[in-house]
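Some structures are shown below for you to check.
Two complexes follow with subunit A in common, the first pairing it with subunit B and the second with subunit C.
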Partner chain A sequence: MNQYIFHPFVLPFVLGMAFVLTYCVVGLFRVICLLPKDDRKQFWRSLVTPKTAWANIRDLFGDCLFHVKIWKRNPILGYMHSAIAFGWFMIIVIGHVMLFTLKPLEGVEVEGFARTFTNFYYPIFYKHFATETPVFAFLMDFFLLMIISGILIAVVKKIYSKIVGVKRVTKFGFADNMVRFALWTIFPFRLIAEKSNIMAFWWLYSIDLMIFMCLLPFTRYMHIPTEALFILLRHAGLKPREPRKGYALAQIYSCPSCGLCIDACPMSVNDKMSGNTSAYFMKKLRNADDKEAKRIAETCMQCGKCVAVCPLSIESCDIKMTQREATPYIINSDHSYLEDRHFDRPQGAEKSPSVLYFAGCMTQLTPKIMRAMKQIMEAAGENYEFMDKDGGICCGRPMLLSGKTAEAQAMIAKNTEIIKQSRAKKLVLSCPICYKVFKEENHLEGIEIQHHTQYIDELIKNGKLKVNKGEVNYVYHDPCELGRAFGVYDEPREVIENVGNLKKAKSEKELSICCGGSLGSFNLTQQERDEITENSVNDLMFNNPEQIVTACPLCLKTFARKSPVAVKDIAEVVVENI
Partner chain B sequence: MKENILIIGGGAAGMEAATQLQKLGLNPIIVEKSEALGGHIAQWDRLFPAFHPAKDVVDQMLEQVKDVKTYLNTEVTDIQKDNNGFHAVLSNNETIDAKAVILATGFDIFKAERKQEYGYGIYNNVMTSVELEKFFRTGKDARINNPKKIGFVHCVGARDVKVCNTYCSKVCCTTALKQACEIKEVFPEAEVYTFYMDLRMFGPGYEDLYLKTQKDFDVKCVRGRVCEVSEDMDGRLVIKAEDTLFGKPLKMTLDVLVLMCSMEKNKSIDAIQQKLGVANNSDGFMQNKDMYLGMNDTKQDGVFVAGACTAPKSLPDTVGEARSVAVEVFNYINNK
Partner chain C sequence: MDFGFCLSPSSHVKMDSIDLTTFNRLKETNPDVNTCIACGSCTATCTAGNFTEMSFRRLLLMLQRGKEDEAKKMIQRCMLCGKCTLVCPRGINIRKILLDITR
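Up next is the complex of A and B:
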């Protein structure tokens, strides 16, 4: 006996669901097909590698289901999101479990295709067709009310976001607002329909679901189906290669435009500049607004804070770099001078230096740091040599930031060659910008690469460098390319605690605010940068320190313009206390 | 009874304004924070473009203000205004009642340490234009030891967004050429270089000085900024610069490097200025009413400005403004 459990009000839902499923399946194939061949192989392999498979399972549950990262960042938002997403998930799961336990209406037998088709919508509208056992009734009502509590918080957040600790929220267009409105009303309609069984509310409920699902692919809610794929691709160790293809596409659709990066971004010192944040960048990419996406990619300072706070760890900085690589900027560079460069072994030096010090362009412009490093290495009795005493070769970072990888590689290769010629065991850098390049790009196997904060910390710890503890109150600024990029947070702090008192800044470590001097941005005006610097200085001055200490010559120069107190490099502070 | 006019600052502007006010029948009172009248110009040896001794000018000015009531080593600590005029409290606890106030507080020299890349305070042989002038006056400076090669860097702390000073400091170009000639007079064998962005020879005789510098003194003027300075093993200075006319980077070893420091607003007056309600321009200097016909007026009734407190100015500019402020104050008092 073939018979459907059916009412016409299920049709809008069925239509919407069919559309969104088709869209997602096609999208999934598109993303995977657009991956470069090697990446695709790596992806398949990662799925069966036990280590990545375990990471996948952990994050699929932790991120997609329990939203651990949002809870950590902001518990109110964590509850809001979990209430809606986890509550909805549970309603769907319990609904399907009930399929096996519920008895359909008396005397109706459902079999074959009819059964499959019915199962498609039955758990969504079951209350109209059947009654459940008390346990299920309680669970379903519980999760439904949980969702509604989450929606209430969302409504409050929309009206006054500061109450949940959010200063700036993402501004949305028509489709996003429409879908949000649909989402907010789905569950109250369902509750009323279930409790009253009034036909009009079943219809409204179903139509709301249809609107939500039909518009979903064109809005931020696309993150719901995409996030899982993104997690798998991320764990496969892929890197975005093109701004709107393959892996980057999965990231673009995974961005929920939650806007946590807006408050985090150092550029959000005023409304105009807050439009340069990653949430909007991803939105522009999603909407194929290439002109704006390019502009934001070029404005970004690449400090990485948006990635640090992102509940999905979307690599917006990397995607911006692919956008730059895709732009043919005209830079006339002449690297013919590289040919004659080699390591100058100083006259009379018999042994190879054990430590090779590379100051870099920025440290050459802050000779106090160089002098301090020299004094430290002398005091520690190190066998050292300056690599770029008579002019060095740029580490290549500015070229990399301009998307000119080939040009950068020419300089990187030459620097690698010079370092190897020196036969030093250790390379010490004062500039985190250089540090990043030497760590990531130069192939210096067998040579230890240290930033001078790590090096000084080591010298103090192994007793080579004796320092005195002074009385000065310092605050330490984490340079983006040392802190967020490599997690070097503890060594500088330990060094400072050895020579004085360390005060806390308002935002520290991965939340530290870019100084505003970043090489990353092409088109911030000096005035805009000044505003960023002032905000960052205020944050550092939170506990009234007597001096600001940084570990980056560029931060040093940038802060010195705006700081009410002296700004020093960590090496200078150490030398003052030898 | 003569009306009191309070002049804050006893440099060229303050002294000249006092002289003229006295001639106009008013009673100027100068309050000077340092131990002597004369301001920056008293620290100078000779003046451009004609190498005229600064002392001559300062002495004449001092002679003219010898009857003016003057407070030295004194600052204005508080100032109030009511219907009877201004009431100032001095750091020696005296009070002065005055009908008008002239701010003639001048400028401060840019602190060369702020351009760390030029190595002032780090390398021994880097000095400022002010220190070189002192050398010309006294003949003594440990850093100047029969130098063979000397460089001058223009625009240190001026036209430089990186130190937040975007304005031109006006007098340093001509001063650098004057000092280049003078050092060449002392050490005729030395090679002298100046590194400039533009040479702004705006006054009468200045362009002639520029030609003379090159023709008679064989000073080499290089168009390009010095980007970095370091020290070699012997303590000599190695500079890197760009010759933008040849489009080539250049590297040079020097015995002495002189930094032509810009003028910055004298910030020690900020508190009093705030009490008087006189605002600053975006470049940090005081704001006058307008730059054409109201250059000595401020938006505050009875408060006047003269000299380099509103912008970098040469000595003739300053003297001119000091004279005009006297007339403005005279008219203000008579129209009350």
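Up next is the complex of A and C:
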């Protein structure tokens, strides 16, 4: 029976491949069917809209094939991942291209269905059945060796991760370790089998492939097929609505547990807390461990750094919010006392103010920021008014963070009403927490919303506020909800450059470390928060600045507990130099 | 007969007969309630306390006296803004305790 291109050793591979293909097709339908109807429509539409279609193509090539984001984050890991994934991809592609040029041994002709079935495994085991042209032989060997070089780095990373610049790696269970071992051995076996043609190695190669394919859907390697779908869904502009359905499900399966978020997470200051990071959260969700998923979701500080460093941009913070909404706390809130609140127009004021200033709860706790803002607005000759001079209504972000959306929306609506009553054209906020809510949730069309860093920067730029340049060395801390959430990085830095010297922190902008005071976390104890704060302060003190400047009253208060130097708000620093 | 005034009802609490289940459960899940010194910083900064009689210090006292219904009614006013947690000199995670009382 030497006439057919077949040998029993191809069977394990065929079985594994058939299984994984079936699983992926079923999974694809499941994700799309579980999407809410509107989201599904939006998804189909995004596939044909030129702008999103172009973004899809760009990211499918850039992320799935060339892994641009990992290269940017860590070139060694970039090479490791590309060598294995891109190398494997090229071997598969070249293998199939070769089908057209290969002459099977002894001129066997296979037709019809048999031909199609043969093509299924032929490129994977071709060396046993045929010989290729020198050019292809070189290409195949080149990419095979490239894969093996990637695996070598992976083995080194497993033994001593610090050598590739990774402090903490994800801890895996049995299935993940098994698949990883299979993946590492597939290619050496293939190389030996191809060069020696020993039957045992062809069998090992094929069985390894089967183990990999059959366990793939239950492990982190599911990100290989899911990532493409996730990119399409993300560009459709969808938001996760439930922790384990539809879009969120695609994100859960796309998480490769690479662990880049573990080193990034501010909570990773010790081993115990590093178990609260997003990589583990996604794992718990995948394993339907609701209790742990809920605990991690409520421990997270929502600083968003894991999303910023994620090579797939998985929106783990949003998924944690849906988890909180799915199991909210049972307080029957009664905020009826807010109903008769309204805007207090000061006596004698006839005109509407051009600037409305909302300090917010946290700034009420740090009145020096309020005083500084008052001095700045007076020095600039602005027509301003305080919205919450005698205590205002909470912006609603803490309520949102606890998963109680309806109660939060009531507070948000009340604040919107008060702002509209004032008829101001511009709203200035001192607290980034409020800023996020007013920007995202309140419907304030026609009113410009600015954080005070942006406002002061504007005043200096259009000459309304004159400042002197001092000699003090400052370092600027990016508050999470101003920096990562809205990309306000340049305005505060320009303001500080105007009044003094700006030193760099060790981690800046989208990599800045949360101060540890975040309202996002419900579970962290004061001791745990203190550890996070100390780590963050050390990072800021990298270049020995004389003062730490921040733009968030909560960061200010948190840092003041642990900082060896003075901590000031950007408004105070400006007032000192008027 | 209406004199325009009356005796106020007794606020006497019989410590032997009150139900302390909630407070005891709270002590187990959040041992830091034991460290409260009733300084009232939480009350002084409370956003809701600005408009209502919401006071975490009193709330804890109510629970210690078995006045659970009154305490639960008071919690409804809370806006969860977290200022109390921030100013607590004992580092008590007050927001978490407020949420755990009704759990």
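Assume the second predicted complex is superposed on the first by the 572 of 578 C-alpha atoms of A that agree within 3 Å, B and C clash if a C-alpha of one lies under 4 Å from a C-alpha of the other, contacts with A are read in each partner's own complex, and residues count from 1 in each chain.
The rule is simple: a contact is a pair of C-beta atoms (placed from the backbone, for glycine too) under 8 Å apart; a residue touches a chain by one contact, two chains touch by 3 or more.
Remember, it's a predicted structure, so these values are computed and weren't measured experimentally.
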- Item | Clash or fit (per the criteria above) of subunit B with subunit C on subunit A | clash
- Which partner does A:Leu365 reach: the first (subunit B), the second (subunit C), both, or neither? both
- Task: Give one of first, second, both or neither to describe whether A:Gly391 is in contact with subunit B, with subunit C, with both, or with none.
- Result: both
- Kindly classify A:Asn544 by the partners it touches after superposition: subunit B alone (first), subunit C alone (second), both, or neither? neither
- Message: Taking the superposition on A as described, I'd like to know which of subunit B and subunit C A:Ile331 touches: first, second, both or neither.
- Response: second
- Query: Counting only touches as set out at the top, which of subunit B and subunit C does A:Gln526 meet: first, second, both, neither?
  - Reply: both
- Task: Would you sort A:Ala560 into first (subunit B), second (subunit C), both or neither based on which partner it touches?
- Result: first
- With the two complexes superposed on chain A, say which partner A:Asn462 touches: subunit B (first), subunit C (second), both, or neither. neither
- Item | Most subunit A residues touched (candidates subunit B, subunit C) | C
- Message: From the superposed pair, tell me which subunit A residues show up as contacts to subunit B and also as contacts to subunit C.
- Response: 364-365, 391, 526, 557
- Query: Any idea which subunit A residues touch subunit B in the complex?
  - Reply: 364-368, 370-371, 389, 391, 526, 530, 557, 560-561
- Message: Under the stated contact criterion, what part of subunit C meets subunit A in this complex?
- Response: 32, 45, 47-48, 50-52, 75-83, 86-87, 91-93, 95-96, 98-99, 102-103
- Note on the structure: Per the touch rule above, subunit A residues touching subunit C in the complex are 329-335, 337-338, 341, 361-362, 364-365, 390-394, 398-399, 401-402, 404, 411, 517, 519, 522-527, 554, 557
- Mind listing the subunit B positions that touch subunit A in their complex? 114, 116-117, 119, 122-123, 161-164, 227-230, 240, 251
